Amino acid sequence: MIIILKAQSEQTIIDAVAARIRELGLTPHISQGEYRTIIGAIGEEQPHLVEYLEEIPGVERVIPIMKPYKLASRDFHPDDSVYSIGDTMIGEGYVTVMAGPCAIENEEMLMEVGKAVKSAGASVLRGGAFKPRTSPYSFQGLGIEGLRIVRQVSHALKIPVITEVMDPREVDMVVEFADIIQIGARNMQNYNLLQEVGRARKPVFLKRGLAAPIKEWLMSAEYILSAGNERVILCERGIRTFSDETRFTLEIAAIPIIKEVSHLPVFVDPSHAAGRRDLVPALTMAAIAAGADGVMIEVHNCPDKARCDGPQAMFPETFAELTGSIRRLAEIMGKKMSPVG
Amino acid sequence: MIIILKAQSEQTIIDAVAARIRELGLTPHISQGEYRTIIGAIGEEQPHLVEYLEEIPGVERVIPIMKPYKLASRDFHPDDSVYSIGDTMIGEGYVTVMAGPCAIENEEMLMEVGKAVKSAGASVLRGGAFKPRTSPYSFQGLGIEGLRIVRQVSHALKIPVITEVMDPREVDMVVEFADIIQIGARNMQNYNLLQEVGRARKPVFLKRGLAAPIKEWLMSAEYILSAGNERVILCERGIRTFSDETRFTLEIAAIPIIKEVSHLPVFVDPSHAAGRRDLVPALTMAAIAAGADGVMIEVHNCPDKARCDGPQAMFPETFAELTGSIRRLAEIMGKKMSPVG
Amino acid sequence: MIIILKAQSEQTIIDAVAARIRELGLTPHISQGEYRTIIGAIGEEQPHLVEYLEEIPGVERVIPIMKPYKLASRDFHPDDSVYSIGDTMIGEGYVTVMAGPCAIENEEMLMEVGKAVKSAGASVLRGGAFKPRTSPYSFQGLGIEGLRIVRQVSHALKIPVITEVMDPREVDMVVEFADIIQIGARNMQNYNLLQEVGRARKPVFLKRGLAAPIKEWLMSAEYILSAGNERVILCERGIRTFSDETRFTLEIAAIPIIKEVSHLPVFVDPSHAAGRRDLVPALTMAAIAAGADGVMIEVHNCPDKARCDGPQAMFPETFAELTGSIRRLAEIMGKKMSPVG
Amino acid sequence: MIIILKAQSEQTIIDAVAARIRELGLTPHISQGEYRTIIGAIGEEQPHLVEYLEEIPGVERVIPIMKPYKLASRDFHPDDSVYSIGDTMIGEGYVTVMAGPCAIENEEMLMEVGKAVKSAGASVLRGGAFKPRTSPYSFQGLGIEGLRIVRQVSHALKIPVITEVMDPREVDMVVEFADIIQIGARNMQNYNLLQEVGRARKPVFLKRGLAAPIKEWLMSAEYILSAGNERVILCERGIRTFSDETRFTLEIAAIPIIKEVSHLPVFVDPSHAAGRRDLVPALTMAAIAAGADGVMIEVHNCPDKARCDGPQAMFPETFAELTGSIRRLAEIMGKKMSPVG
């Protein structure tokens, strides 16, 4: 860490700061400039020390040098992570498409959509049984009944499924039915839930919070990793900004930034970012071209009856066209589409 | 609701939309303009209908007219809500100061800070036993031991206490020890937690999420109110913006906006908004002058040892000066300071 | 326009509003609901009428239906615009790469970079003579001397050049030397400058303002178009958000949104958005995949001596690799690279 | 400055960086840690050096220590600035109210509003002759005719006037008619305009840009100050955020932040921030309570005919009530209302 002292600090202050740094198990290196004195605190940098150091009288600012996350960082794990879930491959070298309806409404619908997206090239089926809704008066999902449906369809179609968990009390149940567990954007900093899924033996798909800087997103991944679950997949789904033509602003730069600092696979959810189906193909192509390991797309066979998020779900036919384009793009990026079971 | 059709819609489309509106139990009023046809859907406006209507082919946009929340709205409850918690008064006519350390570290510390803030005029003591922390490696609070301490200090000093709950599994326990239950900003859309505290018999202090438009914040209050808990207190604590001199941007306009549309009391937390103690007095005064019903301020008797959020905690002496200023301001606003037990 | 009246409006209010609407040359259509009365104002919708209507007592909200821009809209000009500037093609069917140093430092440097980028496939050379700088103490560009250099290099290399104009007094001079005139992000709402370039006979490259919703960006294009200049090129270069790993947040969705509502070509400037050269290739590929008509990239042959914005300029070798990738991507998008003169 | 090298830098890199630092006239102080080497560059810190240092191979990050502005900083000018303009006082110890219509429409209207606001306690009259408008089709102000009107009214009522200048070609003309020159938010980084008003002999009222961090706002003040004009007044008028109940988000914390780092007076414009007149009183009181030196408020005697920004203008009667409240608040803040001529 670097400690910047206030202008014109007296020697007694400098000595006191240096003494405190030694107490904390670090070694101070003092650089006295014309206007400012700067002290480097050399040793193992622990994030919480920043707070202690900032409180020393005479200290103006403390600048951490190391990243606050470890297990999520590429320093710790230099190679890209790759996970296999049944026949589906996620990570380095693959482009993986997850698709399906926002919420599960009934078995026939999910079966029909599942067949369509699998035959178009999707290798993971999505479908929500527990739905976080802004309004207490909106449809909240089928719950356990939805989990049973998703499991049956997964079994019948031989495709792994991803579904969301919202409550630490329901993690065990969801783990039993799902192949990948999703943590929604609004729960990205629901730390008790993160710890609970950190103890699960299924991969976790962690959506970025609407107001989360990339560092905080990786810190949330660190919660899961440090609880023992090594398989985390990150998903950019748009952040909250002033821009008002879409529901959220998809931060496309998040993909190469994550690739640089972390070994974790990173996906994009263009459907929730845009909130309008007409933009989904362009955002999907942009995501893959920027280096994303995959996308999660909402597809519904009859969107005008969808019980939630209808206007952003693609129709199966246009989705099949889009997977054709993804395939061509993956090829020129030197990647393969994930095998479909 | 108002339904705007796409340009040059044919009569068959107009008829189909009108038919669908009737199916949904509403009455269509058609206005045909030179470029566009607009249909008013008259009847009880239910928020989820927007989604259905948007999905009808030929519809460009659906504009809801009614507010999506009911119990939280001033239409439903025209007078300002006032709650009494022991001797402490919260709401119309009062300015209420909640103060105390961020996290509870031990009984002596809390007792000392508690005495100081009570004698300065605070009528609620704050202190966290469960702490949401960005890093899994930071101090997470004393847990149940912290709850016991806060209860003892509350009893000894005769001051009601507020503490945070983060997990639906812990609501019953926290309710037993606390007088007011706090929902943190990162849990504002943790809907299962909201429903759980909605069943509790203690007032809920609901902080605004970092990325929450005011409407979504009120929808979260609606979750609690609709589950049966009538005593919700809102707290503005800063939103995430590009501005980089403070941790968050305190949206001062939120106060008069809430006052206009809702009957619920609204507080401000200047400490977490700023993240720096030097700005707390100015933000506190601004909050009261804008019409806030109270403030929640971090005070610590020895901030340089604080185990979390040290740099933003005020010292007891400057806090006492600030409550003096609050008192003078409350007076010219025609309000009283809440009685202290 | 749609006029929503306040709840429980009396008949006299409704009549007064209807009368006012007729005075303004529009026809009122009244829909009386249980809670609200809604009035459609049918006729030619002029943006400034919104303000008048909002001021009528009893009116709660006025919702415009038409877009506030005309000449920039696809309704006015359904086909994509294509411009030819020498051999260079900009618009539908082409991918056009503009490249060069941020600021012109001297003729040799510009000649060397110009040769490198042209041979790599760039068909427009960029270079700034007037530089907007945050600090009054930073290098502000070579001015008229820079314009002479850019003209000479353009002539010698047979490549059109783009350069920025910042002052309405300098438009005539810049027009004389440049093939395309650039308006920087911070001048997007410098209306007098927009009107001045609107009178020029050279295409205008209009960067999006850091805080500009897409509608306001198109309104700025409308200023130029309505002053008589039909050749406007839009350029997304990142908006100001809370995200802190890049200088600005590139809004990739802006590209398909513009394509839907406007006929104007849209480019992306990944260099200024990111502020770091390592992210430029990924953002460039994302831009093309999302449907952008081209990119503007900073290239410098010796970035460590660059007098401004050094850390974001690419080296000629990596730029050449990138144009190779752009070419392959353009092909699968069914587009051609613009011819190079 | 502090230069952080990449992890595991070899000694040759360290030596090269140190050599380069010496070439730039600074002295390097090297601190070698376990993971990183950090070099302090001691000497006069010039902002543009950051760019040079970042370009040295092996350098990861450069952290400036000094503020990038000088003349605007409290280090340079420790006491608060106070300006007198006729009888009107602006700065330390005073609360100054500027009020008037958004745009000047005709002499009678301005005279009437001017009398009303002066008698209510405003000591500066505002009124725009040149209006920046988002749409090229909106009313753009009366221009020179408006300037003549504002001068006549100022003379008749004996009240100084403030009006906006948008074009460097019009600065001389505006200076002749106005007592204070306003730079609008959208021109905060119109550097040529800043330099032109920097040469003027009238105080400049510099509104904050919608996307401007506080540092950039102060850098724009520095442009004016460094061109020789010592009388700059800053004005917070709201920034662009996701929050959607007001036109902009008034950043109330900007006031104490400016007070800490700068000697310049700081005002608030609640009318443009909110875009709705109902919020103006609460925002005004908050501004004064936070320490603002004054406010600028839109007042119109017949808002429903206002040719621009009508819905945010207050009526003279409610404005007079508000100035009564301001007066009481100023008193408990230990300040006086500025004398009215």
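Residue numbering begins at 1 within each chain, and the chains themselves are lettered A, B, C and D in the order written.
Everything that follows uses one rule, which is that a contact is a pair of C-beta atoms (placed from the backbone, for glycine too) under 8 Å apart; a residue touches a chain by one contact, two chains touch by 3 or more.
Keep in mind the model is a prediction, meaning the values are calculated, not measured.
Annotation: A-C is the more contact-rich of the chain pairs A-C and A-D, by number of C-beta pairs in contact. Greatest centre-to-centre distance from subunit A is found for D, with centres as Cα means. Computed centre separation for the pair subunit A/subunit B is 27 angstrom, with centres defined by C-alpha atoms. Subunit A and subunit C have centres, each the mean of its CA atoms, that are 31 Å apart.
Per-chain Cα centroids separate subunit A from subunit D by 39 Å.
Looking at subunit A, one finds that residues 211, 239-242, 244 touch two or more other chains. On the subunit D side of its complex with subunit A, the touching residues are 2, 4, 7, 29, 31-36, 38, 40, 42-45, 63, 65-66, 75, 240-242, 244. The part of subunit B that touches subunit A in the complex is made up of residues 46-48, 51-52, 54-57, 68, 132-140, 166-169, 186-187, 189-192, 195, 209-211, 216, 219, 222-223, 226-227, 239-240, 303-306, 308-311. Within the complex formed with subunit D, the subunit B residues making contact are 211, 213-214, 239, 241-246, 249-257, 259-260, 273-274, 278-279, 282-283, 285-291, 325, 328-329, 332.
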